[in-house]
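Next come two complexes built around chain A: one with chain B, the other with chain C.
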Partner chain A sequence: MQLTIERSAFLRALGHVQNVVERRNTIPILSNVQLVANEAGLSLTATDLDLAIVETVACEVRRPGGTTAPAHVLHDIVRKLPDGAQIELDYGAEAGRLVVRAARSKFALSCLPREDFPVMADGDLPYHFVLPAADLRRLIEKTRFAISTEETRYYLNGIYLHAPEDAPVLRGVATDGHRLAHIEISLPEGAGGMPGVIMPRKAALEVHKLIEDGEGVIEIALSDSKIRFSLGDIVLTSKLIDGTFPDYQRVIPSGNDKLMEVDCKSFAAAVDRVATISSEKSRAVKLTVNGSTVVLSANSPEQGSGTDEVPVNFNGEGVLEIGFNARYLLDITGQIDGENACFDLSDGASPTIVRDAADPGALYVLMPMRV
Partner chain B sequence: MTAMCRDCLVVAPGEQMPTRCRECGSPRVVRHPELLLLGIAHLDCDAFYASVEKRDDPSLADKPVVVGGGHRGVVSAACYTARTYGVRSAMPMFEALKACPQAVVIRPDMQKYAAVGRQIRAIMKDYTPLVEPLSLDEAFMDLTGTERLHGRSPAATAATIVKRIEAEVGVTASIGLSYNKSLAKVASDLDKPKGFAVIGRAAAVDFLAGQPVAVIWGAGKALQKRLAKDGITTVAQLQAMEETRLIARYGAMGLRMAQFVRGEDPRRISANRPTKSISSETTFHHDISDGEELKKILWRQAERVARRIKSAELAGTTVTLKLRRTDFRILTRSRRLPDPTQLADTIYRHGVELLAKEISKNTRVIAYRLLGVGLTGLVDGADADPFDLAEPSAVRRADAERALDRVRDRFGADAIGKGRGLP
Partner chain C sequence: MAEQSVQATGPVATATLIGHEAAELAFLETAAAHRMPHAWLLSGPRGIGKMTLAYRMARCLLSRGVAGGDLFGGPGSLQMPPESDLFRRILAGGHGDLRLIERIVNPTTKKLRTEIAVDQIRGLSRFFSLTGAEGGWRIAIIDGAEEMNPNAANALLKLLEEPPEHCLLLLVSHGPGRLLPTIRSRCRQLILRPLKEADAIAVLAQQLPDLDQHECLGLVRLAEGSPGRAVAMAAEGGLQTYGELLALVGDLPELDYAAVHALGDRLARANNEGAYRVWVDLLRLWLSRLARGGAGLDQMSDAVTGEVALASRLTMAVGLDRWVELWEKIGALAMRAERVNLDRKQVVLNVFMALQSTARH
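On to the complex of A and B.
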C-alpha cells in the first residue's frame, strides 16, 4: 500500500474512528485502525467488536493494499503534523511497518496483519429508512442523560428506539429507574414496521458525535440484532442490546392533574443554587408549591440550609410538597429548550411528569425522593 | 506492683499479697504495676453457648459438650472438657466427633443465647454506657473515669461485673484489661477460662514481640498466609519494619498492623456501632447440587433476612450470596442494587440470579454444603424500595409482600407464606 493523503482530511477521519477504539484493550488488534487503499480511496475501520465504524477518504493511491496500525498513536502523529501537509503512507517498504512521511518527519509504526482484523458481519438488515440528521441528533441528545449504567439491568444501557402503534412517530425512550426520557420525532417513511430495538449507549453517543452540525440526512438500516447508520462517507454498524425494554407506558402517570408551570431558566438556576447546600450523597431538594410560588429548600446536617423562591402558575389547591434529586432535576431542565417547563404533579410520593411547553414531542418522568 | 483480690476486691501493694489475698485468703489475685491506671476492658464469656447449655442442664456439667449444627455443621462452641480432647470452635462437626466421640452435641438455640447475651450486656451497662458489643458474648467496655462514680478502680469494676454475671446469669467470663481495644482483646484470651489478664503500657511492646502474627486482630488466615509468604511469622519482625513499608505493602491493614505492633490503637469504644450486614446461612445435612433445591432454601433465607431488616427499620443496597463447596472453598458473589431494599422478593430475585450464574459457570455438577444470602450497605428503612420506573411490576410484588407482612403481624409468622416456601 502506498498513497498520499491531505492531512486535514486524514485527521478528520482518524478523529472519527479512533473514538471507537478503547484506551485499554485485552485484544491487541482492537487498538489498531485498519487502513485499506483501493480505487475508492483510503478506508479506515475501527471496532470494539460491538461497534464498527468505517470511513472512506479520497486520496491519491499509488499502490493498493492494506494493514492495521495503532489508532491512537497514528491519530496523535497526524494531529501534530503541520496543517496543510501532504502525508505519505507506505506499507511494504519496511517489513511489518507502516511508514508515515510528511515533509521532513518520518515515522515507522508496528503493524498487525490485516487478515486478523475482526470483520463485523452486517447480516441482513431488512428495515431501511432515511431521517434528517437534526431529528436523530435531538432524539439522542434529549434521552442520553437517562440511560442507565447499571450492568445487571443491561437492557437499560441504551435508547429504546421504536415506532409505536398509537402514533405516527419514531420514539426514543431511556430510563435508569429514577427518571425516564421519552422523545418523539416524525416517523420517517419506511420505519413504520420496524421492530423495537435497544440502541447501545456507545453507538448513540458515537452517532451523535458524527452528526456534528446536524445538516443532511442519515440512512438507517436495521434488523433485530444490528443497526447501521450511514452518514455520507461514514458507516457505523452496531450490535443491538439483546433484551426486553420495560413496558414504560405503565409508569407514565395519566392522572397527574396538579399542573405547575415555571420559567425553566430561573427555576433551574434556583435549584442549582439551593443544591449547593444539600448533602453530597442524596442531593435532595424540596419543592413546596403554594399558590403562585414554589419554594425550593435544601438541608444538610453538616452545612446548614438554604431556600429560594420562583414564581409559578399552579392550578392545585393548598400546598404540595415534593422532593427531588437536584441533579436529576437539572438534567431534565437542561433538556428543555422552550421558555417554560411544565410539571404534572400528583402527590409527594408519585412519579412526576415534566414537559417542555414548546415541544410536544418531549416528555420526562421523574421519581420523587423522600425529604 | 499493685495487687487486687478478684473476690473481695481488696487492693494492696504486691508484696503484701504474694500468693493469696491477705483479707479473704482467695488465691485469685491479679498483680500488675499499672493495674489501677488501665480503663479499657474486653469481656469475653467462656465457651458461651456450651456454658449456657450446661447451666440449663446440670447433668451435662462434667460431660464434654459441643454446640453446633448437626453432623455436617461446624462447632460453634466447645466446653472446656471437650477442648481437652482437641475439639475447637469452627472445626467441622465430624472431626470434632472423631476427636471426642462421647461428646454431647447440642443444636444451637440462638434465641436463648441472644437473651442471655442481652442480660449480660445489661449488667455491663449498669457500670458504663460505653459498651461496644462484638458479638452475643463479648464486648468492650470503656471504664475510664468511672472511679469516682463506683468508688473503685476500673479493674475492680470489671471484676465486679464478672462476679455478677457468674452469680446472676450463671456463666463465666474472662476479662482483658489494657489501655486500648486491641490489647484488651488480646489480654482476655490469655488467661481463659475465668481469667483476668492485664497488658500495661510499659510492657506492651515487649509482650507483643514474643507473639505470633495471629495475635493481631484482623489478621485472618489469608493475611497470615501472605505474611508467611513474605517470611513474617512473628510480631517482632513487624516491629522491626518501617510503618511506611507496611502501608505500601499491605494497605490499610498495614497501617493497623504498624500501630498494633507498637501497642497503639486509636479506635474508640462506641456504644452504638451500627449494624453492617444482615444475613442468613445454612449448612446442609447432605451436599446439595440441585439448583431447584438450593433456590427453595434461598427463598426461606431471603424471607428471614427481610423479616430482620424490616424489624430493624433498615434497608440494604447490596445482595451477597455465599456458597461453600464440598472442598470447603467459600464463594461469595455480590450485586449492588439500583435502590435499597427490604423485600424478600427482591433479595430472592437477585440471589437466584447470582446463584444461577455461579451454577451455569461450572461445566460439571458441583455440590454445595452451605448456602447463605445477606444484605450489606445498610441505610434507613424509609428509603427502601422506591418506585422503579424500569420495573413497573415490582410495585405489585412489593404490595403483595407488604400485605403478607400485615397478615403475619396479626396472625403470626407462619400464618401465610408463598408456595415456594413450602418444604
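On to the complex of A and C.
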C-alpha cells in the first residue's frame, strides 16, 4: 500500500473512527485501525466489537493494499503534523511497518495483519430508508436522557426505534422505568413495516457525534440483528440489543384531564433553585398547584426548606399536590424547545404526561414521588 | 512481507486435539441433532486439552453460522485449518461473537487476580444482551470456572437460568467439585480423561518438536497423561531434577548427607523459590507413583532409568501404608513451610530425615 493524502482530510477521518477505539484494550488488534487503499480511496475502519465505523477518504493511491496500525498513535502523529501537509503512507517498504512521512518527519509504526481484524458482517439488511440528519439528531437528543443504565433490564439500555401501525411516523422510545421519552418524526419512505429494533446507547451516542451539525441526509439500513447508518463517506454498523422492548403504550396514561401550562424556562429555573435544598439522595420537589400558581417546595431535615412560585394556567378544581425527582424534571424541561410546557395531571400518585406546547411529536411520561 | 503477528501460543493457537475423540463425538452428535444445550462443563485434570477442545467447539459453531447454511449439516469433525480467516481472527482476539473470561491482571495492583471477579461475568451478560456480530452463535469460554468468586458464580447462575437464544457458555474447569452444585446441574458435563501414553507423546512431540524421544517418554510418564504438565515440566527442567532426586534417594535407607546439604543450600538461595517448588512437587509425585505402583493401581514404568527397581525394593522393605503416610506428612510440611515462611534448607533436611526413618523400618 502506498498513497499520499492531505493532512486535514486524514485527521478528520481518523478523529471520527478513533472515537470508538477504547483507550485500554487487552486485545492488541482492537487498538488498531484498519487502513485499506483501493480505487475508491483510503478506507479506515475501527471497531470495539459492538459497533464498527468505516470512513472513506479521497487520496492519491499509487499501490493498493492494506494493513492495521495503532489508532491513537496514528491520530496523535497526524494531529501534530503541520496544517496543510501532504502525508505519505507506505506499507511494504519496511517489513511489517507502516511508514508515515510528511515533510521532514518520518514514523514507522508496527502493524498487525489485516486478516486478524474483526469483521462486522452486515448480512442482509432488508429495510432501507433515508431521513434528514436533523430529524435523527432530534430523535436521539430528546430520548437519550431516559435510556436506562441498569444492566439487569438490558432491553432498556437503548432507544426503541419502530414504525407503529397506528400512525405514519417513525418513533423512538426510551425509558428507565421512572421516566419515558416518546419522540416521533415523519415516516421516511421505506421504513413502513420495519421491525422494531433497540439501538444500543453507544451506537446512538456515536451516531449523534457524527450528525452533530445536523446537515444533509442519513441513510439507515437494518435487519433484526444489525443497524447501519450511512452519512456521506462514513458508515457505522452496530449490533442491536437482543430483547423485547416492553409495551410502553400501557404506561402512557390516557385519562389525565387536569392540564397545567407553564412557562418552561421560569419553571425550570424555579425547580433548580428549590432543588438546592432537597436532600442529596432523593432530590424530591413538591408541586402544589392552586388556581393560577404552582408552588414548588422542598425540605430536608438537615438543611431546612425552600419554596418558589411560578404562574400557571390550570383547568383543574381545588388544590393538587404531587412530588417529582428534581433531576428528572430538569432533564425533561431541558428537552422542551418551545416556550410553554404542558403537564397532564391526574392525581398525586399517578404518572404525569409532559408535552412541548410547540412540538406535537414529543411526549414525556414521569412517575411521581411520594413527598 | 513478514508482519509482526500476534505470537499466541496455547490452546487458542492449537489446531489439533488428540485423544478426546469420544468427547468430540458427543458434541458433534448433539449439534447434529439440533439439541445444543446452553452450557457445557468441560472438566478433567490440568493440561489435557480442555481449552483446546473448547476453542474447537467454538470455532465449529461460529464457522457454520457464517456460512449461513444448515448450521450442523457439515462433515463430522471439529478440525479447522489454522490458516482460515476465522481461525486467525479468533487467535488475534478479533471475533465479535466470542469472549474469553479468565483471571485478569488487576489494573490497580498490576498483579494477576486470584479469582474471576463479578464485573467480568457482568460484562458477559452485556455481551449476550446484544445481537451477534456475524449473525450466528454468541459464545463465551470461562477458563478456570472454579476460580469465580461467589458473586461472580451467582451472576453466572443468573445467565444459566435464563439463557438467551443462540448463546453458548463453555465452562472449563479442573476442579468442578468447587463449582456451585446449581451451576453444575445446569450444564451438560463432559469429563475428559488423562491421555494414553502414546497420545500424550504425540501431543508433546507436536508442542516441543526438538525434544528427544527418550526425554519425551520420561516427561509423559511423569506428567501422568497430561501433555500440558509435561510441557511445563520440560520448561522447568523437571526430568533432570527428577533424575537427581532419584539419585539422592537411590540408596535409601543410606543417604549421602553431603549431597543433601548441598541440595538444601542450593534451594534455600533467595532466587531459587521456583526450583524449590518444583522439587517439592516432584518429591511428592515420586512418593505417589511409588505408592500407587506398589499397590498395583497403575502399571508403573520407568520415567527415569531404575525408577521401577527402586520402587519395588522400597515397597518390599516397608509397608505401603508407611509410604502413603509419608506422602501426606511431606505435603503438610511443605504447606506449613509456605505459610509461616520456614527456612527452605531445614525443610529439605527434614524431608530427607523422614524419608530415611521411613525406609529404615
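Everything below uses one rule, namely that the second predicted complex is superposed on the first by the 371 of 371 C-alpha atoms of A that agree within 3 Å, B and C clash if a C-alpha of one lies under 4 Å from a C-alpha of the other, contacts with A are read in each partner's own complex, and residues count from 1 in each chain.
In the analysis below, contacts are C-beta pairs under 8 Å (C-beta built on N, C-alpha and C of every residue); 3 or more make two chains touch, one makes a residue touch a chain.
What you see is a predicted model, and the numbers here were worked out from it, not measured in a lab.
Superposition of the two structures on chain A shows chain C clashing with chain B. In the superposed model, A:Glu215 lies in contact with neither chain B nor chain C. More residues of chain A lie in touch with C than with the remaining chain of the pair chain B and chain C. By the touch criterion defined above, A:Asp166 lies against neither chain B nor chain C after alignment on the C-alpha atoms of chain A.
Using the contact criterion defined above for the overlaid structures, shared-chain residue A:Thr26 touches chain C, although it does not reach chain B.
Legend: residue contacts after superposition of the two complexes on their common chain; A:Thr175 is shown touching chain B, with no touch to chain C. By the touch criterion defined above, A:Arg250 lies against chain B but remains apart from chain C after alignment on the C-alpha atoms of chain A. Looking at the shared chain after the overlay, A:Glu39 reaches neither chain B nor chain C.
Once both structures are placed on chain A, no chain A residue is touched by chain B and, in the other complex, by chain C. Residue ranges of chain A in contact with chain C, taken from their complex: 24, 26-30, 47, 49-50, 67, 92, 95-96, 110-113, 115-121, 123, 151, 154-155, 157, 200, 224-226, 239-243. Those residues of chain A lying in contact with chain B across their complex are 148, 150, 152-153, 156, 175-180, 246-248, 250-251, 349-351, 365, 367, 369-370. The touching residues of chain B, when paired with chain A in their complex, are 335, 338-339, 350, 353, 382-383, 386-392.
Partner chain A is touched in their complex by these residues of chain C: 1-6, 66, 85, 88-89, 91-96, 104, 107, 122, 125-126, 128-135, 164-165.
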